[in-house]
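Two complexes, one shared chain (chain A), two partners (chain B, chain C).
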Partner chain A sequence: MTSPSRTMSNAAVYLGLAVGAVITLVPFGLGLLTSFTSARQFNTESPLSLPSPPTLANYTGLADAGFGRALVVTALMTAVILLGQLVFSVLAAYAFARLEFPGRDALFWVYVATLMVPATVTVVPLYLMMAETGLRNTFWALVLPFMFGSPYAIFLLREYFRTIPNDLIRAARVDGASTLDVIVHVVLPASRPILVTLGLITVVTQWNNFMWPLVITSGSQWRVVTVATAGLQSRYDGQWTLVMAATTVAIVPLIVAFVALGRHIVSSIVVTGLK
Partner chain B sequence: MTAKSHAARGGDTVVLKPKFSTVFAATLALIFAVLMVAAVLLGHTGGSGGRTVVTVRLWDEQVAAAYRQSFEEFSREHPDIEVRVNVVAYKSYFDTLRTDVAGGGADDVFWLSNAYFAGYADNGRLLDIGQTLGPGTARAWDRSVVTQFTRNGVLWGVPQLTDAGIAVYFNADLLDQAGIGLEELLRLRWSPGNGDTLRGLLARLTVDADGNPAGTPGFDPGRIRQWGYNAANDLQGIYLDYIGSAGGAFQDGDRFAFDNAAAQQAFQYLVGLINDDHVAPPASDTNDNGDFSRNQFLSGRMALFQSGTYNLAAIADQARFRWGVAMLPAGPTGRVSVTNGIAAAGNSATAHPDAVREVLAWMGSPQGNRYLGVSGTAVPAVIAAQPAYFSYWAARGVDVTPFFKVLDGPHIPAPGGPGFAAGYQAFKPIFDEMFLGRRSVADSLAAAQSAANAAAER
Partner chain C sequence: MARARQAALGYALLAPSLFGVVVFLLLPMLVVAWLSLQRWDLLGPIDYVGLSNWRSVLTDSSFGTSLVVTVLFIAMVVPVQTALGMFAASLLARGLPGTGVFRTLYVLPWICSPLAIAVLWRWILAPTDGAVGTVLGQRIEWLTDPMLALPVVSAVTVWTNVGYVTLFFLAGILAIPADVQNAARTDGATAWQRFRYITLPMLRPTLFFVLVTGIVSAAQVFDTVYALTGGGPQERTDVIAHRIYAEAFGAAAVGRAAVMAMVLFVLLVGVTIAQHLYFRRRISYDLT
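And now, the complex of A and B:
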């Protein structure tokens, strides 16, 4: 039987969580409602008014503003970077975790140290590189800086790979497995949770990337969702109803991905926690 | 299992089965190839058919639609030139333009506003319009815009749009409720001393939740349901015009020079309207929300809204009350308005100078420029193309003459110079504090001018 003090303490905890949930979720709800509100109603009534009547005009307005293309560009960019980052990060992390070569550890820590460098520091040299090679405002400019692995991914994978029992790898080697065989048959199956987690982090990071696409592209051809959303605001009008429709559309794929793959994130946390 | 051992075990039959890891790697490569093909297809813009392609960059989607129609007609007359319109959002327009011009990737023609063109002109990034199109061409264009884009005796852009002057939108229903006639509105005068009629009228138009007008016993400034006016930290719509109407200056050449007695009077008056008289929304609502006052007006909660033609379409489309436009209040030295314009500048690094010259000539011609006025969203800067704009609004029953009549008198120059953007970023936070009433006007102007000039010189 639960004691009264424990009941009170549980109630307090749940109350705190409820308040936190409300603070977190209300902005999303407000954004969703605003996306169904006409511009006229939004400008002439309280921003908290319910849409009356609800309208899809903001969503059709997105189509007119070329938002569909921005979605396709962003999805394609994210897919390419995801594939590239996973492939190259896995290869690099395995090398740092399991291969022996001179300067391995020093090289690893130098690479990880680049995590401390703010992205804004590398924007200018990267831009100049793209401009000099004629890649400015192209799809390659969006993906090349990010598709060859990331220090964060390599660090995370390297630590995870080191927890895989060496006996498994030695057994595979005895069977005649090459390095690629070991990675494909032993390491990757054992690393599913962390790979899914990294994949989700990469997808979210690249989907929400704003500064680099803003700098390296111009116009509507290679605009991504973040830049397209910001571009909905004109010089003299915030166009908030359109912006809310855009953010609603932009967030749906991320929510779907998280719901579909969330359990893998939990299991990766559990596994690393037990270790 | 390797292909070799499998073949060996197969006896007479040799079956080469690829390793799983090979298949895995090949699958990844195939997925990557498919994604690359998709990217190439997405990037396919269609060939130019051997024509010269000229790109034009601007920030307004509605005007871009008008330009596309204009350039269709242009291409019929110039079948060897194709013009492509590139719309870049205003928020990032000047940041990305700067990087693109520096990186050699800017469009052949791009829009510039007065506040941002000087740096490009000084660094030789723009075409000299007089040399490109001929010295007499400017006579066909709005004089104020030509002046704005003339620097060191050279015109650096083809005027495209003018904002005309600033006027006052009024809610006729609220004026009727307060017993205020149009004649009274037209005689409005602001003054730091005697002769002021604006404050009293605004007090009658400002009402709290219990219906008490401002300045009457029982008026609660914490519960205002109707504002009289939109005094605020608004450069173009409000304080530049007040500075001009007080006989002051905002800039002296490229230097910020708003720390002067007349400008102090103007700012003191505006801050007083907000924080002492409570006839305008608090600066906490308006400092960082440029739409706030307009939306208060549209929702029928503000009687007078001083602004430019850039809000005309929104008000005409969304106002649910009777409204009109009147001249802005006169100040100690009369009615003085700012006027702003936009020009199309030629990129001096363009690979197609002859085609760009043709396009610029078209954009500066009545045939090319009139498309921008037919939908009423913008005032063409080519004088012969302006009737389209007036016709549109006349057909809708809106008298837009106050925006233009105010320019018959003196103007205050629109701000600019190569350091304007940096200077603006430096003085805006200080002005925010001033309008909030947290800092005295005299201190604020002195500090802001010093900070702005220091930032502009960097």
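And now, the complex of A and C:
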């Protein structure tokens, strides 16, 4: 098996993969190092010299710039949207998958059709709607457009719920379980992988969301991490050590989550097709 | 369960998500169509102006520029990320020991906030104290040179997306039955012949999916452009999504932004419908 040519080609594969890994990781590594470099050292020595001594001054600088609040707002926003999307998507998907009522299929196609509505197109009208209802620059403006479930999650969950054996649900029914009991005790435990996947996708999408929070909030009260990072970059253009601390704060929580659950997500991205 | 009760339950379970779909997805489509006929500056009254926004946008060179920039951006990003993704997947598909970790590594940029990624690259590419400039020992205006800006923004986007694209090709390659490859190998097909006549044709559905989703998402790029170039220099990176944002929230010409949003919508629906037509007619490889 281990002929010289096979060994050579395996070495070439490893080399190719390693080059890809270096290109992927180096920008992250440089940003991280710079975030621990003092502004003084960054300006007087080469921008690429190792931090000596490493300093947390940039991170305390972030705290002074109101990043703590931005983190809390972002986490709250993500949590509320996550909870709402999961609960309301599960309820809707159960109705579409397991109940019969007039107009069900027509309604389902309406949901599917809305998958074609791009966020870029709805930003301007949503802004008008929020302004008219006095919700501009409120926490509700951040979460309302996303918290009532996502047609995409409903579509995937419906497919999944349809594969749950009927006997399982009938057995619970015979034991006198209500629909809510069936959902909580039978359907949800059987759907854990897809729920984890959808939850992670929601967290990634909402944590990273930028355009909507950018237009609908102003000032520091409801500023999220992405908007705070962009603001910091334009306000302190050139103060790269501080700005790199901001990008690190914006990036690291998701990388940690991703590496912790990595295998799971990687295979599920393909199952679900997109963010 | 009685039919009437089941129907009532069905509507009750649907109620919250239906509210969301109607109010935050369908209603905005009507509002954007209506707004395209109004004049509004974000603060003052809203006035009906008929088709004048449509006339001004469609005869305006800045919107034409944005369309061209967006098409160029798609043309630079999508083929490159697709080719690199396919190549990386073909390396990963060998299944050599320890290569699983690369799969996870390559997706990292795609998981991260595009805005933060763009700010990171803005430093890396900064002319005087950026990483690339320091290594090269040479000042290059990556983001402010009119000839360089769009290719550089495209390159950063490719860097972000390659790992994601790789996942789909990897799944596609691994789904090809080993028998087919082995049979070709027994018949003396070279690695290139096996790729060209087996892997590539059998990856056609994956390839098409990756191309279409790549086009749809590249057509909407915003965060990366906002943080890297702000649409400049000389509007050379002023993609449609950024133009819509700048019209509505920079120039306070909301009616014009609504027109542009509708044009973008029609173009994206066109791409999606083309995708469905293709998938209906696509050649399927039934090997059972």
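Keep in mind that, in the parts below, the second predicted complex is superposed on the first by the 234 of 275 C-alpha atoms of A that agree within 3 Å, B and C clash if a C-alpha of one lies under 4 Å from a C-alpha of the other, contacts with A are read in each partner's own complex, and residues count from 1 in each chain.
Heads up, the rule we're going with is that contacts are C-beta pairs under 8 Å (C-beta built on N, C-alpha and C of every residue); 3 or more make two chains touch, one makes a residue touch a chain.
Keep in mind it's a predicted model, so treat the numbers as computed, not measured.
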Task = After lining both complexes up on chain A, report clash or fit for chain B versus chain C.
result = clash
Inquiry  = Contact-wise, after the overlay, does A:G231 reach chain B, chain C, both or neither (first, second, both, neither)?
reply    = first
Message = Quick check for you: in the superposed arrangement, does A:L128 touch first (chain B), second (chain C), both or neither?
response = both
Inquiry  = Between chain B and chain C, whom does A:L76 touch in the aligned arrangement: first, second, both, or neither?
reply    = first
Task = For A:S218, select first, second, both or neither according to whether it touches chain B, chain C, the two together, or no partner.
result = first
Request  = Mind working out whether A:G176 is in touch with chain B, chain C, both or neither, as first, second, both or neither?
outcome  = first
Task = Please name the chain, chain B or chain C, that touches the greater number of residues in chain A.
result = C
Inquiry  = By the touch definition at the top of the document, which applies to A:A106: first (chain B), second (chain C), both, or neither?
reply    = neither
Key: chain B and chain C contact sites that coincide on chain A, given as residue numbers   = 43, 127-128, 131, 215, 230, 233, 238
Ask   = Which residues of chain A touch chain B in their complex?
value = 39-40, 43-45, 65, 72-73, 76, 79-80, 83-84, 87, 127-128, 131, 136-139, 176, 178, 180-181, 183-185, 214-215, 218-222, 227, 230-238
Request  = Within their complex, state which residues of chain C touch chain A.
outcome  = 3, 6-7, 9-11, 13-14, 16-21, 24-29, 31-32, 35, 40, 42, 87-88, 91-92, 94, 96, 99, 102-109, 111-117, 119-124, 126, 129-131, 134-135, 159, 162-164, 167-168, 171, 209, 213, 216, 220, 222-223, 226-227, 240-241, 244-245, 248-249, 254, 257-258, 261-262, 264-265, 268-269, 272
Key: Contact footprint of chain C on chain A as seen in their complex   = 10, 13-14, 16-17, 20-21, 23-25, 27-28, 30-31, 34, 42-43, 46-48, 88-89, 91-92, 94-96, 99-102, 104, 107, 110-111, 114, 116-129, 131, 144-149, 151, 154, 179, 204, 207-208, 210-211, 215, 225-226, 229-230, 233, 238, 240, 243-244, 246-247, 250-251, 254-255, 258-259, 262-263, 265-266, 269-270, 273-274
Request  = Spell out the part of chain B that touches chain A in their complex, as residue ranges.
outcome  = 2, 19-22, 24-25, 28, 31-32, 35-36, 38-39, 42-43, 45, 57, 59-61, 86-92, 95-96, 99-100, 103-105, 289-291, 294-295, 298-300, 310-311, 314, 317-318, 320
